[in-house]
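Below you'll find the structure I mean.
For clarity, chains are labelled A, B, C and D in written order, and residue numbers in each chain start from 1.
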Amino acid sequence: MKNQNEAKSKKRKYSIILGNLGNTCDRFLSSGYKDPLDKELMLDQAASIEGVTGIELVGTWDIDDKSVDKMKTALKSRGLVCSSIIPDLFARKQWGEGALASASASIRRQAVAEVNTMTDIVVELGGNLINIWPGQDGYDYPLSADYLQERRWMTESIAKCVEHAKKKRVKIALEFKMKEPRTHSYLARTADTLLVAKDIGESNVGVCIDTGHSFLAYENVGESVAMLKMAGNKLFHMHFNDNFGSWDDDMIVGSIRLPEYFEMLYWMEKTGFNGWFSMDQYPYREDGYGAVRSSVLFLQRMHKLLDETGLDKVEELIRQRDPVATSAFIRDNLIAQ
Amino acid sequence: MKNQNEAKSKKRKYSIILGNLGNTCDRFLSSGYKDPLDKELMLDQAASIEGVTGIELVGTWDIDDKSVDKMKTALKSRGLVCSSIIPDLFARKQWGEGALASASASIRRQAVAEVNTMTDIVVELGGNLINIWPGQDGYDYPLSADYLQERRWMTESIAKCVEHAKKKRVKIALEFKMKEPRTHSYLARTADTLLVAKDIGESNVGVCIDTGHSFLAYENVGESVAMLKMAGNKLFHMHFNDNFGSWDDDMIVGSIRLPEYFEMLYWMEKTGFNGWFSMDQYPYREDGYGAVRSSVLFLQRMHKLLDETGLDKVEELIRQRDPVATSAFIRDNLIAQ
Amino acid sequence: MKNQNEAKSKKRKYSIILGNLGNTCDRFLSSGYKDPLDKELMLDQAASIEGVTGIELVGTWDIDDKSVDKMKTALKSRGLVCSSIIPDLFARKQWGEGALASASASIRRQAVAEVNTMTDIVVELGGNLINIWPGQDGYDYPLSADYLQERRWMTESIAKCVEHAKKKRVKIALEFKMKEPRTHSYLARTADTLLVAKDIGESNVGVCIDTGHSFLAYENVGESVAMLKMAGNKLFHMHFNDNFGSWDDDMIVGSIRLPEYFEMLYWMEKTGFNGWFSMDQYPYREDGYGAVRSSVLFLQRMHKLLDETGLDKVEELIRQRDPVATSAFIRDNLIAQ
Amino acid sequence: MKNQNEAKSKKRKYSIILGNLGNTCDRFLSSGYKDPLDKELMLDQAASIEGVTGIELVGTWDIDDKSVDKMKTALKSRGLVCSSIIPDLFARKQWGEGALASASASIRRQAVAEVNTMTDIVVELGGNLINIWPGQDGYDYPLSADYLQERRWMTESIAKCVEHAKKKRVKIALEFKMKEPRTHSYLARTADTLLVAKDIGESNVGVCIDTGHSFLAYENVGESVAMLKMAGNKLFHMHFNDNFGSWDDDMIVGSIRLPEYFEMLYWMEKTGFNGWFSMDQYPYREDGYGAVRSSVLFLQRMHKLLDETGLDKVEELIRQRDPVATSAFIRDNLIAQ
């Protein structure tokens, strides 16, 4: 019986953010490094990646209230489901100086309405997760923001989104990022974000860890996962990518690091995470399909190695608290012989 | 009436960590860069710094159960008070692999006992604040610690210290630091530490912000102060120093930054902080007395500029949310004409 | 006589990059945070900033072979001169995988031709400086570039630009930046760039220090200026902005730091720098005119304080090698009383 | 014949820094985390690590003019050779404010003499390499050093060491490190150090790359190796360890990163590096022997994978300049199946 349950829990759900397959720009080359891709082709590509069953959509870029039916059909015909919608709170000029924490009550209302609309849409698409990344909510300069007031607005706005979502049985994951596009964001790190979720105090609000955002903040993702477990299953969603540790480079998973990925997957498994393993990258110059697929394949390999090792053996290792034993484990189990 | 109250609130309390005046070492020069100083001389120096009335003592280094009476006399004779004791949880071999979160139940008990002893001593010295910096509680390598278990131990141990301190009417400030001497600490940032304090849930447990630790974590201290206010006056203590932003360089205050210091002092004032402004530096090569005094003088200058400006004018500025206005303010009010 | 010479040398030349006054975008909001500004209005604004006499133009964005005459007239009518042209090697899809160090010989030829065209244009505009920022020349991932080959191509391409410029009596300043838009650039830091300049070995090739790029690389700009002096007056150009030390935030000068700016201006003066003090910012959300003007005013204030202090007094200070004396100097000379 | 030559070139020389096996301290626990180890035992341990034939000695800590004969015998009896001596320019109070670049001419003379003595000793021990790490040569605060003067002294002092070493047919490797124990070092990065070596212009002066120092400076070690090749075989020595990218954590090799190690070994091989692969760690709490041996085993595994892959195949890969292909290569060749 145990094995059956275990096997069931091992049925992991992989997902990708649709836009990762398309064109990407930066502040120097605003038209982007590649040509825009047809959305249907991107969906075909997504569906063709081994083991990928979920698609994460970004508001404005991928979905709005006019394109719901079309997207519903497009997903269904490919056997895909909507793993989450990320409401657009960052890609329109109106959010430029803040959205959920904007000093303008009108903008805050619009931002909440935007999230709520996406909540309704995700239900229509058969999904149950909204991932809020409030990229414009923060500040750039010292002595240029009223932190006390703006942080309160932030919490109030999110609380309204959570309340609406609760009625629709939708979960809200809050995605933090220390900086960019602001030099300082209000949802900056795991603990900051957990504090906001706890202040709101509803069961349908939790945290999304983007691995790159966590590395950027010098967090250890495995520890962040444990921290969210201690607060009561508050890890709602995961975004995967890699970076060099000092910026959100949004690279292919496993391009730099190895043991950290293995460790975080262990902790997700150990703490009963049953959400989506979703890819979130910015393949500026490289082929989008290839880059996203590479990340999925890397994670699946790590999952395979984790399954072969078994949770007990990893637990035994970490309880030794001995970096020499850990190094032997890495050589024996994670790198090529 | 208002002015009188205001004047009263402006009676700020400056303090220094005694050891800052003495010899300091690093991992390459373990005997230290200077000669050891006589403790009585250090106390004389401390007492001679304009406006300094508090002394922060470090367990083992400055105080233990045998030297209480002597220290009490030494402080009193110089008109100094004990602003806080920092229990030694980092400078003995026994704490090398952890103290409050050690995997050894015996070590955890000893660590709690150490804190409690210092709580008793601080009361004897007429003080009411213990500053816990659990420098050895954390880990160094991925896949080498059981975060879930160790973070629970951490909270349990601190809860015991808080309980004991409560009976003695002593406050416990938890001082965070992202890294060093471990590559990762369990009390890493403002929000992480506030979460632990909230989990314990007693009124006598709060947070100490060391400005350098906050800069190291890419926090904005002003925002951290506001965050602790939102949680209900949880800023218990302040340590001051400056750095280049990527390590705890423990430099003289104001050696690099300017507007950030002014801003954090504004927020402390605004949120009713009435604790100590305590200097915490590591003057490896420079004269300890001169270095610590320089920091005090810098802070007093900033306080003077803040008083002359007035809270209202700063509030007006930050509500403009306009970096151009902020830049003009800096030129007109903070830098030399 | 000495005073006259000194007064003459104090006639500092301030400049701005024209595009700083206009719209700016990032990877999330590609249409930009503001509305596009009319170029004539931007030139009016530039001309109205106290003490600004130079305009730095960016290829493609501000100038091409069709708009030379118009720009010439526009500058002249406002009493402005062209302080430099920054050839566009970063803002067209064709440079996306490299320009001067591209693996394609054809792209490298086009990149050299682009620079040479701008060299001809700068002469027509009455200027004598080309500032090369090869933003796309670098790589993103380990194991994805042939450093040896690409660095050779880089040097060869620049050598060709230098050769052409030499005939036209134009100087080439090489602007380094550790990263962005690539995760790693070939011209990364002061010393790396100086090495390339020395390899080319012509008198008309030198280095541009962008203060923010230097901070990002954990350089001390004052020391970098001294390093370029030791190699024989190799500091050709300066770009000014501020940041938090871990990204090219491109903020208003003096928003974070103070003594470092004073120090670098001292070293420029001390080493006989007689080029442009040019502003290079990215005022995403704040008013462009106000942001750039604020930087100019801050620098002018620092220059005034430097003149009042005198080089001798600063030299005396730095030769004390005493951070306590430095701290007193900062309190007495740089911050408000 | 080719294969024979290739096999010969594959006879790689592994070495360790002797002190890594002993006790290590930091600024908080100056007595160290472990008990001091007997030097003979440390040598036994070193000799027992598979493939290790070289020992790197640190002046003062491991060797002085009185212990030469004893060390010579101790090494010989264990079949070990002296891979290099690192003169002590950092672990005595006299070097606290600088050694080779000290403002005191007397200290500079002593520092040069110290290096020269070690040069003589290394010859007696049968070695031919001195590794200079001038840890105290730099500065801590802005406006507290005369960079121009001190950098000149630095170069002059090193030139004297190089001159003496040349007569003895000894090579001098200059080891850079951006910071620690000073906040800024004069030998900070690969290019900075290469510039100094080129200024001196002797064939027996080159660079030592400590991988952790390079990561700390956001360098890509593979690229740094290529840069030193371009300047004419200027990579003289290698120190190996791992870190999290923002401090010299001195961890076991391969604890964090994977592809970067493989890449740098490729470039060393490709550019004909025939020096020592020497371990340089700080196993504060973990077993020294186990930690150092783990690094050696990791590197040997990487070398084995490199040999099995072959240089041609790696070259083919990097010339594709395609991160997707690189990701497939990592999955197929570097991580466990």
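Quick note on the criterion: a contact is a pair of C-beta atoms (placed from the backbone, for glycine too) under 8 Å apart; a residue touches a chain by one contact, two chains touch by 3 or more.
This is a predicted model, so every value here is computed, not measured.
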{"item": "Copies chain D and chain A - interface residue numbers shared by over half, same or different", "value": "same"}
{"item": "Same-interface partner of B-D, chosen from the options A-C, A-B or B-C, over half of the pairs matching", "value": "A-C"}
{"item": "A-C or C-D - the one linked by more C-beta pairs in contact", "value": "C-D"}
{"item": "Distance from the mean Cα position of chain C to that of chain A, given in whole angstrom", "value": "37"}
{"item": "Euclidean distance of C-alpha centroids - chain A vs chain D, Å", "value": "40"}
{"item": "Of all residues in chain A, the ones touching two or more other chains", "value": "97, 140-142, 179, 218, 244, 246, 251-252, 255-256, 259-260, 286, 322-323, 326, 330"}
{"item": "Residues on chain B engaged by chain A in the complex (per definition of touch)", "value": "97, 103, 139-148, 151-152, 178-179, 184, 188-189, 191-192, 194-195, 198, 217-218, 220, 222-223, 226-227, 229-231, 259-260, 262-263, 266-267, 270-271, 314-315, 317-323, 326, 329-330"}
{"item": "Interface residues, chain A side, partner chain C - complex", "value": "24-33, 90-93, 96-97, 135, 140-142, 179-181, 183, 244, 246-247, 249, 251-252, 255-256, 282, 284-286"}
{"item": "Residues on chain A engaged by chain D in the complex (per definition of touch)", "value": "218, 244-246, 251-252, 254-260, 283, 286-287, 290-291, 294-295, 297-298, 301, 305, 322-324, 326-328, 330-331, 333-337"}
